[in-house]
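Take a look at the structures below.
Same chain, two partners: chain A is paired with chain B first, then with chain C.
This part shows the complex of A and B:
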């Protein structure tokens, strides 16, 4: 049975519909409204996971799929494009948002729920899903804005001074990133005369180097800022520790990863040659992101501040994977990208597990300060174990998913002859291990220094707060132990992501045969060569 | 009570502005105009009422509709997109024609979508404006505290 291709729009339409629906009850009594919104959000997250799972299954059976909104043929309409990479990301974000839901149900305070936490969760999901699935550069910008607005509301929900402070930094720096993206999209339209990503891929190959370099630079800065790469990472550590812990956990799995995904999508598709010529730049950015992130983590006094610096550090590994994405290796071209995708998935699992665990501690003890915590292993052995396993997974110890990801990335960088970055990444892994052990020690080891404030730890709460991180840690271990199915999956994803001809063919087979010429005033590379 | 001339202007201009908003909305189908700008004009009309009668009176008048307006607008827009599914494509344009007094009128999903946009804009803008004027009407509680600061 072949489903109608319109199902491709469901990851966007479903959260939007349910989110809008749950805003209809604003004039109801707050208690009943919140109860309804909780149910609708749960329904939406569950249905979204089901859709994402189905799409992943479908794309593995049938290969990449595309759908034109309003049935306008590409490049005139907005294209929705689904391949294995997209489906994997949809499934991961669906899974993470579904797993944080019980945690949120249990711990979110009535005030934040009344202000609209649950509808905003759905809008955030819609923005992320849209950014994954769109095949149009301007539409990508629009979904980034949706994501930014929804995350800004979630970040400042509750309105404490520190939240407003962090929220303003977050929104100002992210808006600058958005401006870069908009500028890049504008220049693309001005020079190539199109915004459809498949059409851009066709025409970009014809464009002169300056045009390619300007657009690639702008997109790199824009997505790099969204991904919290060096040097535009300041927004992350100054805002992630301020909201409710469940929001931080969700952000760590979604926001920066959308930026990384966009880099993975756009660079192999638009600029395959620049990936080789700009390799030193990409690897330098990756190395600096790693080192600065991990060094910053050593100076942090609270759980979430420390972990948010580790988010940055880990982004460096993904950029390192992007840098060697198309380098030849013994496993074929594109193995670097495959491992970068694997590392991205690993990081989403582990980082969210860590932040959920740390968040649960912070909520129960009433503080996240490392100097005040200690000795929790006696009262919470399960939480301590999960946190330890996740910490070692982050550092890259076997038998976790982090080991597979880091080992593979090292192998590709060695094969590409990039010794310096490989050395840096090993050194950063060592520092990460030290930092994580220090974190674990100061939360869980030693003598209990602080008794939990009375009344916070309700019976049965641990079940809701610990199960999600247990599932995430179990998945990380499963990937580490039985790596082959996952490796096959990410290799499929990478081979589809670097297959430019396939992308264009799926979106609209006529695009390649159509006039490939650029708009007037832009000299094509071919005529440039012929003239010079 | 506010100045009499403001109330007079409100009496006269607010209905006219709302009519202009409807005109702009309908004109937007194939000429400059449309839901976004019409929503802003309608919000400006309501802002006039806020200035003339105060935020409390305005909230009494529009309050119950204001809060869910955002959701209603989004629902209308999504519905317009979903109607296209009947023809096989999300956001596919669908039109109906009917005769009114010898003229052929066309109504379609783009207009329905635009209506959704207009409702969202009105809902957002008026909520902002009401909050702003409420904040302006209540004196800041911490003035004294600020003065004692060194």
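This part shows the complex of A and C:
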């Protein structure tokens, strides 16, 4: 069965329609409206997961797919592009949002639900999916803004003073990042005369170094700021601990990872030569991100602040993978990128599990302060075990996905001769282990110091809040134990992501030839400048 | 010449925006972000070639009459940057409205017409030479990120003293 390629826009269209539809019933009684919105959001998340799973299956069967919106041929219309990397990210984000849904159902307070928590969930999903699947640079900017707008609302929903404070920092710094992306897109159009990613890939190869460097620099700053890489990470630790815990868990799996995905998508496609020449820069940024993130985590007094610094630290590993993405290794070119993708997926699973576990503790005990918590292992043995496994997975201990990711990344960096960054990453792993053990000890070990405030814990809550982390931890263990299928999958994804000719061919086979015959190409612009 | 003027203007707007964003005070922040937006919109405007009196339409005859690509470029205006700018304006308008609302809400929470950013001048947790008594009042686990939270709590609890501090 071959479906019509229109299904490629379903990951965007489905959450958009359901989200907009669930906002329509403003005249209904609030509790009935919320009940309806819950059902619609649940439907939307399930349907989105189904679509994402189908797309992953499809792309593994048939290879990369592209669709031109409105059937305008490639450089003129907006292209939607799906390859294994895109499909993997769609599936991961779909899975995470589906898993946080029961947690949200159980713990979100009526006030936040009434203010539109569930529709915003769908809009966030739409923005993330759109940023994954688009094949147009300006369209990418627009989807980033959709994603950001939904995240602004989710972050400040509830309106406590600390949320508003964190929200202002988050909004302003992210807005600056988007502006850099917009400027990068503008300069791309001004110099290369196109915004279609496949077309940019064709023309960027012939562009002079200055043009490449300016655009690559702007995009690196923009996506780096979204991904919370050094030096533009300040928005993350100042805002992630403020919203409802379920929002933090979702953000950790979606927001920064969209930035990382964009780096993975754009750099091998547009700037394969810069990946080699800028390797020292990328690796320096990666190293500093790792070290500063993990050192920051040591100074943090609450669960979520500590974990948000670990988010930053882990982003460093993904950037390290990007730095050695195209370095030759024993497993062929692109193995570095494959491992970076594996690490990204591992991190999405584990980080969300940790933040869900920590969030459940925080909700139940009424505080996230490490100095006040303790001894929860007696009353919550399952939660404590899950948290411990996830913590060790984050640090990179053997039977988990973290071990596979870190071992592979180390191997590639050694093969590339970049031993300083390898040493830094090992050292940071050690610090991560120390920090995570300290965190686990302060929450779960010792004598119970604080009894849960009465009336907070409804019966049956533990099931709803623990099951998602259990599934995530199980997936992480599964990747760690049976690594080969996953490695094959990410290697396929990486080989498609670095295959520039394949990307262009899938989007529009005539693009390369057209460019030579077209009078409006960059060559004519250059000769015009030289003549004038 | 026109292109140079445009480039200088974009640079000037960026410089002013950066200066304003780095200032204390929320209104300056909003204005600075507004200047950034304008700078980027102008930069986008410059990405299409700057033509005067040329329509954004091309028909086959114009192409034939122009002969070369260079001559064709002078005969029509590129419509795409306009579309990009329009999108960017709409988005930045929404964002600015959201930030203004956030700031308004924060001011409402502090219950003071003083700008919260100006209150922050009084207490700086990172400054070892800040006034000792003020630093002593900070909660145990305070860090830079607690700064504004602290201000808000402080204003809630002792509005009069906060106003005095700000006057000093």
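The working rule: the second predicted complex is superposed on the first by the 515 of 532 C-alpha atoms of A that agree within 3 Å, B and C clash if a C-alpha of one lies under 4 Å from a C-alpha of the other, contacts with A are read in each partner's own complex, and residues count from 1 in each chain.
What we mean here is this: a contact is a pair of C-beta atoms (placed from the backbone, for glycine too) under 8 Å apart; a residue touches a chain by one contact, two chains touch by 3 or more.
As the structure is a prediction and not an experimental result, all values here were calculated from the model.
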Touching partner for A:187 - first (chain B), second (chain C), both, neither: second
First, second, both or neither for A:63, with chain B first and chain C second: neither
Greater residue coverage of chain A in the superposed arrangement, chain B or chain C: C
Touched partner set for A:175, first chain B, second chain C, both or neither: second
Contacts of A:9 with chain B and chain C, given as first, second, both or neither: first
Touching partner for A:71 - first (chain B), second (chain C), both, neither: first
Shared contact residues on chain A - chain B and chain C: none
Residues on chain A engaged by chain B in the complex (per definition of touch): 4, 6, 9, 13, 16-17, 19-27, 67-71
Residues of chain B that touch chain A when the two form their complex: 63-64, 67-68, 70-72, 74-75, 78, 81-82, 84-85, 87-93
In the complex with chain A, residue positions of chain C that touch it: 21, 26, 29, 33, 36-37, 40, 43-44, 46-48, 68-70, 72-73, 80-81, 84, 87-88, 91, 94-95, 98-99, 102-103, 105-106, 109, 141, 143, 145, 148-149, 152-153
Parts of chain A lying in touch with chain C, wherever the complex brings them together: 138, 142, 145, 149, 152, 156, 159, 161-162, 164-168, 171-172, 175-176, 179, 182-183, 185-187, 189-190, 195, 237-238, 299, 301-302, 305, 369, 371, 519-520, 524-525, 527-528, 531-532
